[in-house]
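Labels for the chains are A, B, C, D, E and F, by order of writing; each one numbers its residues from 1.
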């Protein structure tokens, strides 16, 4: 029987958490990004944020970091990973009416941390939606994607257009 | 002191989980959607899925439903909600090289379930990314948004363009 | 299209968390049981338990109660339930070389608590296995089953042989 | 057999999650407090906090709110509770070299929310410890206590000395 | 004072999470099994399952894999383990009216993964119960047991009768 | 730009989960303590505890151990840690009307386990509060503090006054 083209399935097509025991413990890095688009007035409320005025981005950053640690609970076939670093940066983009997030996740282990970075980006943006939804229900989350991946057998990968 | 324009912050700008005790227990519905774009060959692998060949969408559906129940853990200022129904539908769109998800969440309670529907949509799409990433790292998640919201004081809301 | 014979699937066979909003909020009770069989020497170690000597059953009881509260996280299509009572009783059965557990779970809600009682019974027995496995790896967990169910549209149900 | 003096144990002394089904669904409020004592230099680092300089208290507030929602997972015999409001306030006390936290938790339900308020206070203070421990390992958390409790059969309770 | 016969308890009989720091990091494998017995008509509904008709076993497989990752949360004295592989196989047994599950769990670490395999087996079977309970409340889960264990100081262990 | 005085914040004051990849994997130990003060009658109820009479301290010990494994979920910037040992000891102090807890946590890893020991101590004491609150709402948790820390670059640290 031939192997399945997708590693998350065995030769008979049954899902499994794939064997990574033979993989080397290397330093692994993943960077992911995403954006949330909103009305200019909504963005202005975020941009004026500070500890005194309601720190939307500070809260979203914490939610993103915490979500990265829950990735293996949320994504069924992900391996548990001992993250060694997670950082989330936000950029307020008035020209396009958006907040952009970029998350870097790192570990020293047998499996990559792309899903940790992507999950953190997604939850960080959803947290912004939650806090601003009372004034703007029409916000849209766009462009959640991997930017870069280092470490492991597949080597260094860069997204084409970022 | 005047109220904060965002309900998740008090008059001094401190975050809180807002008081909903006085809200009526009504039937609440939220529908959310999103998409993941990929290479045609990647989509073909998903579209051929079945229990025998690796049921990517069946697994993503379970991940979406389970994520809806974890929303209050992931989104810091969300209230815990006793969901009465969650359903997630996928559509394979060969023309645009995408899989679309639409999630409906419902409860009978004091607070809306938009975040539950949006979180389920996001995690469902991230789960597809996880299972297909070995063949296509460049996939992008786009258009996570609220489609409709019913119940509660703010009444019936529809997204303009869906 | 005709309805699916299993309520957890829609007419097209897709899994969902079934709609319970229209169900009445009634008092619901479920009783579940199960057993773990072991060597007589293993059972003697448990039976001699006390706070001073290693309280295996006290710890298993706590694990069972805590697991009942995690049921909706573990069983994908279960609704979150606000349990109003959980109790777990153990019986040491020297004749058959077994420990029996019986769990009662209760709520006032729109959906039954069978899975909460069954999950608690299962995790309680697994916890006994964990604590005794260093002396007896061949233990077997048997007869996890529902004993009784009250409340809701389906009325009062009793297992035939318990 | 006479009842156990502690409601969390049955007449035979076995722990259980006590039956609250017969209790009225009333509005319940609990206020809890606590403090963390530290070196003046440590406190100065916190007091200068802002979104730009490292918002220690903003992060601790989010941790406190999130912990309140996990109370039933952490405290074995606690009932799951649908919190309707949680707020956490910090006060910087230069005179005593301390940060004080006060948490208010509320629900409309069959059981009180003291543990939710106390758990939030504890985790909020532990989060401050975590962020400041690199400069001051000798910090001490003191005075975690209930200030006030309203709702339910036991009526209105106030701590004597607060 | 002499050591306690059970490693999970200290010499005074107090439970602890036992010290494994001195154990070697070796490759560890555990296989566990279990069964659920049901009416022939119930089994026929499962056996006819496919992505289109309601994939009961596909969902139970995901639940089993996800539960293996939560083992240390459910079983009080278990160590957290970085699983490197989890697979769950089901067999439909028309002769005995049963579905059998077999789970393999692996890690490279200081402690065995028996509990991870056993917990996955138990939750997989409970998930089948949940999905079929509307048509057959009398199903019974039987024979949750360890089949094999490799790695670590205790060496290779096989169950006698499997 | 100069580094932030607190390691949990970057040079711009944004919180992150700090990079520990370059730290050595060493054996790390942390001991933490705390106390709960109560009425003499309340303490007498605990001191008389046994498996038959309601084992308050046995349950609190399990809650403490389990909480240590959830630390990274509760404390936002904590790294996930593979604990190799956790033990919790209680002392009943009739002279001062208190129960004292002391927790030891250990791992072989890149980051310390102070927060795991402190979180366990806090949750163990909160669990005592929960079980005794029906008879004594005025209990106070005091003196949650680090006693000792070994391993890692910062070496051996002892609290001055314990």
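By definition in this document, a residue touches a chain if its C-beta (ideal position, glycine included) is under 8 Å from a C-beta of that chain, and two chains touch if they have at least 3 such contacts.
None of these values were measured; they are calculated from a predicted model.
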Contact-graph distance - origin chain C, target chain F: 1
Any chain in contact with chain A as well as chain E: B, F
Between A-D and B-C, the pair joined by more C-beta contacts: B-C
Farthest-lying chain, centroid of Cα atoms versus that of chain E: D
Greatest separation from chain A - chain, by CA centre: C
Distance from chain D to chain C - Cα centre to Cα centre, in angstrom: 31
Centre-to-centre distance between chain E and chain C (centres being mean Cα positions), rounded to whole Å: 16
Sequence positions of chain F contacting 2 or more other chains: 14-15, 50-52, 55, 58-59, 62-63, 66, 70, 73, 76-77, 80-82
Pairs of chains in contact (touch as defined earlier), listed by label: A-B, A-D, A-E, A-F, B-C, B-D, B-E, C-D, C-E, C-F, D-F, E-F
Residue ranges of chain A in contact with chain F within the complex: 27, 58, 61-62, 65-66, 68-70, 80-89, 106-108
Touch list for chain A against partner chain E, complex: 10, 14-21, 72-73, 76-77, 79-82, 109-110
Contact footprint of chain F on chain C as seen in their complex: 49-52, 55, 57-59, 62-63, 66
Residue ranges of chain D in contact with chain F within the complex: 4-9, 12-15, 34, 45, 50-56, 59, 62-63, 66-67, 70, 73-78, 114-115, 118-119, 122-123, 125-127, 129-135, 137-146, 149, 157, 159-160
